[in-house]
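Before anything else, here is the set of structures, which you'll find just below.
Both of the next two complexes hold chain A, though its partner changes from chain B to chain C.
And now, the complex of A and B:
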């Protein structure tokens, strides 16, 4: 009896922590995800599925950056794929020149941030559609660099990489690298959460809703536009670095406008301003077609694109704030069910009683 | 900071001296001068298109005045020429404004909207926020409780966790004022605070503005079309027409001033 009470109290405490503390939720989510390699070793899951989840995790980080840019600062960038590619090539290039993995990543991030500032400076002059076109051009420049600048990217041959050795001691394997990805994703979820719930996040939102009102409150619009672009760039570049580290091969044709638009779709479908929604968006846009639909419609090229197109239309129509709101509808439905307002379910309950 | 050689007299808070601004050929503000004393509520009135909001924008540096100076006795009791400052630095001196159409962030909670007003008070940067250092958390906590206090004063602290979007207009106006109060201002500029409010709300606002002056020891400059409201709440009124100064006096005297009457009646004849 005593033990039972203590147990229920413990469960209550844990429940309380989870509902109050978002960090616990992110961490728990991360722990769940890091079990995936285990599933493949046991044989429940295909090895290729692990790679698929790695891709989803990487692009969750990328999409979170774009989510901050779109959702909070109200800006747009169509150069995302370029930065992911740059991150991937950058870390390979610097590592190839004898720089340790961590520093190679840092240098890559630093350069990317500088380019991010450069684009941010664009955004001071132009808005909306014009900004989209300007960043589109930046993405296209990246794309051309990947194809043509042989010393950096080895052109169409692509570049090879290997699993990194962290801090010179911890040699990562496929499964540990996957866990490293998960750790990074959870870390970036924390970062995004902390940024948007701080003075910076509020300033970004004030700026995006009304320039003049933000200025009257002392928010420097140029400064925060730059900050928004730097954040988005760093998230995308980190994604690229992790991509190279996990897949160990980078080739130039992957980093095109199509990828940028897919990331955009991930943000919109998942839920603008939502962190878990971003993961959901990536899973729905990239995971679902690859995981199930391509087998189902084997031989039909581009089924993924058709699926995403239809999905975007559906989500925009029914969940304009993102698919993440589906959960809330489920919750409401569950509450209704509990209160016995849902007729069909009540009948089921009666049967169980009989 | 104070490149101005002139110092304001004691008890004086703001001195608008000879400011003019024109857009194309139109002179929106024409050699306008007036002043505000400490703990004074001043109304700026004038017929439609008189340039009242333009005057606000010149003071708060949204527009650069072509000529003239705007001297202000700031938080440190130094006289600064606001024309030398950037628009985003005005709030740091202790001068903050609201907007005619409120301009809040609809998808932020009311509390967070108020906290935007404390933006310049924060000392910790983005990195300490990302790392959630102890100091950054403490700072956030400090301003959060300050914001709640301000909301309590405004009488809307029970709504603090609701989104600003979808609140009635009266509440939105109050949030707008709350967010100016959190920045420790010496002077608040209110752009049509009573517009869109019903009679009861206007009366309430009247009391609130007087309370603000008494509790926070600050001055208020306001533009308003509701003459009853202006006459009730203001210590002095500055009347302008077509950007030109007409008169500045107590409400009673302004009411009986023939030049002011003409400006208003002239508008009726159009």
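And now, the complex of A and C:
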């Protein structure tokens, strides 16, 4: 009896920690994800699944930056793909000139931040839809540069890279690189959580509701707009750096409007303002079509692609606040099921709604 | 002078394409409050309809183009009825993501229906020594004149419709304030449906005009779509005629930089100029600054 009690108390404590401390949750999530290379070596998962999850992790970081921008500051950027591409090309270029990996990444981030400041300054004058299309122009300029500046991008030939050596000692392989990606994602989840729950996050939140009221409450709108754009560009550029490091090949045609729109879709589908929702959004858009739909419609080519579009539309229509609310719906259903009042309650609820 | 006249007419031709697409974008933006990213995809789908009827079935271009316009209008109706109207409680960003989903669906269905091969598309009037006119030393094809004329006529009738008919008034009322006009008895649902149909038809015509320059394929409208968005910011989203002016300006400035400065960087130069212009005039050429309420 005693032992059982103590055990249940221990479980209760752990449960408490997980439900209250978000850091434990993210870390546990990261540990789970880093098991994927192991599973593929054992043979439970396909080898290609590792690359798929690497892609998902990279774009979770990118989409989190856009999520802060859209969810907390109410601004919108359509230049994301350009920054991801810039991060990828930048790290390859500086590494190729004999700069160590970490510094190459830092220089790339610094340049991207400068461009972010430029867009932020631009956003002080231009607003709303005009700003969105202006960032689209920035993204297009990037994409033209990728296609035409041969010394930087090798044009259509693309550039090759290799797995980096961290701090000059730790040579990464495919599986260790994957774990590095997971560590970076968890780190960026912490960063996003801290930004959102800091003074900056509250200021951005106030701005997203109304610029004028935020200003009246003493929030410096220009300053926080700059901060929001810098955060978004840094997240996107980091994603690009990691992309180059994992996939080791960058080519100019990937960084187009479609990618930008897909990142935007990840944010909206997953859930604006939600960290785990962002991962979920990326998973719905990249993971579900590749993992299940392609097997389901293996006979006819192209059907899986159509269904990924249908999936986006359905999720947006039925969960306008993000797919992350699916969990809450399940929880509610489970509670009702547990109380044995599933059928009656649902009907009553519908009537009340009508 | 000869070169300039040639460039001018070429700009008028591409400008008409951009203008048609931009008018569709702004029409939907004003009535549904969302960017229609699928404008190009809808045009592509219906251009495929026209090209298939024309090349595989051997019908005349004067029959196929009106048929493609009708299918475009139907596409617009379907999109509004099944995707946009049920998404009433979805926010603006959500609606834009739905149009993104539509791009994926449409561009996924097109190769299944029409095959993956690009289909060559003839001009309305084939270019030859007989079908061109000399104008100040430059030779201009009848086809260019015809497409410019038909686009301008179409847009002019659209403006006439917006200005002088009760339906046009309903569209303008919905564009200015959907909630209020709904309360005043404007059938906003039908207005939205009509603007989707019109935008689809304009997009299709743009696709058909631009098709002979290369061929009908999946990516043919990317450039037009992008230019249409820039035309909208250049002209301003507040009016319907601003984007049309913006479209012609973009086409002209791109052709001029292309010829007189550099062909590699003409697109980038035009975009940078648009950005600088926006910095000094943040609501476009004919836009008005809307006063924000606190």
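Here, the second predicted complex is superposed on the first by the 326 of 354 C-alpha atoms of A that agree within 3 Å, B and C clash if a C-alpha of one lies under 4 Å from a C-alpha of the other, contacts with A are read in each partner's own complex, and residues count from 1 in each chain.
Just so it is clear, a residue touches a chain if its C-beta (ideal position, glycine included) is under 8 Å from a C-beta of that chain, and two chains touch if they have at least 3 such contacts.
Bear in mind the structure is a predicted one, so any value in this text is a computation, not a measurement.
Just chain B (first), just chain C (second), both, or neither: which does A:220 touch?
First partner only.
First (chain B), second (chain C), both or neither: which does A:35 touch?
neither
Give one of first, second, both or neither to describe whether A:10 is in contact with chain B, with chain C, with both, or with none.
Touch status of A:10: no partner.
Have a look at where A:253 lands relative to chain B and chain C in the superposition and call it first, second, both or neither.
neither
For A:130, decide between first (touching chain B), second (touching chain C), both and neither.
Touch status of A:130: second partner only.
Per the contact definition in the header, classify A:200: touching chain B only (first), chain C only (second), both, or neither.
Only chain B is touched by A:200; chain C is not.
Quick one: is A:210 in contact with chain B, with chain C, with both, or with neither? Answer first, second, both or neither.
both
Check whether A:110 is in contact with chain B, with chain C, with both or with neither, and answer first, second, both or neither.
It touches nothing on chain B or chain C.
Could you let me know whether more residues of chain A are touched by chain B or by chain C?
The larger set of chain A residues in touch belongs to C.
From the superposed pair, tell me which chain A residues show up as contacts to chain B and also as contacts to chain C.
210, 212-213, 216
How about chain A: which of its residues touch chain B in the complex?
Answer in residue numbers: 191, 194-195, 198-200, 202-203, 205-206, 209-210, 212-221, 227, 273.
Where on chain C is chain A touching in the complex?
Per the touch definition, chain C meets chain A at residues 29, 35, 37, 83, 86-87, 89-91, 93-94, 96-98, 100-105, 108-109, 111-112, 222, 226, 229-230, 232-233, 237, 264-265, 267-268, 271-272, 274-275, 278-279, 282-284, 292, 294.
Which bits of chain B are touching chain A when the two form their complex?
So the residues of chain B touching chain A come out as 60, 62, 87-92, 96-97, 99, 103-108, 112, 115-120, 122, 124, 126, 129-132, 136, 140, 179, 183.
Hey, which residues of chain A end up touching chain C in the complex?
70, 76, 122, 125-127, 129-130, 132-134, 136-138, 140-141, 144-145, 148, 210-213, 216, 256-258, 261-262, 264-265, 268-269, 272, 300, 302-303, 305-306, 308-313, 316-317, 320
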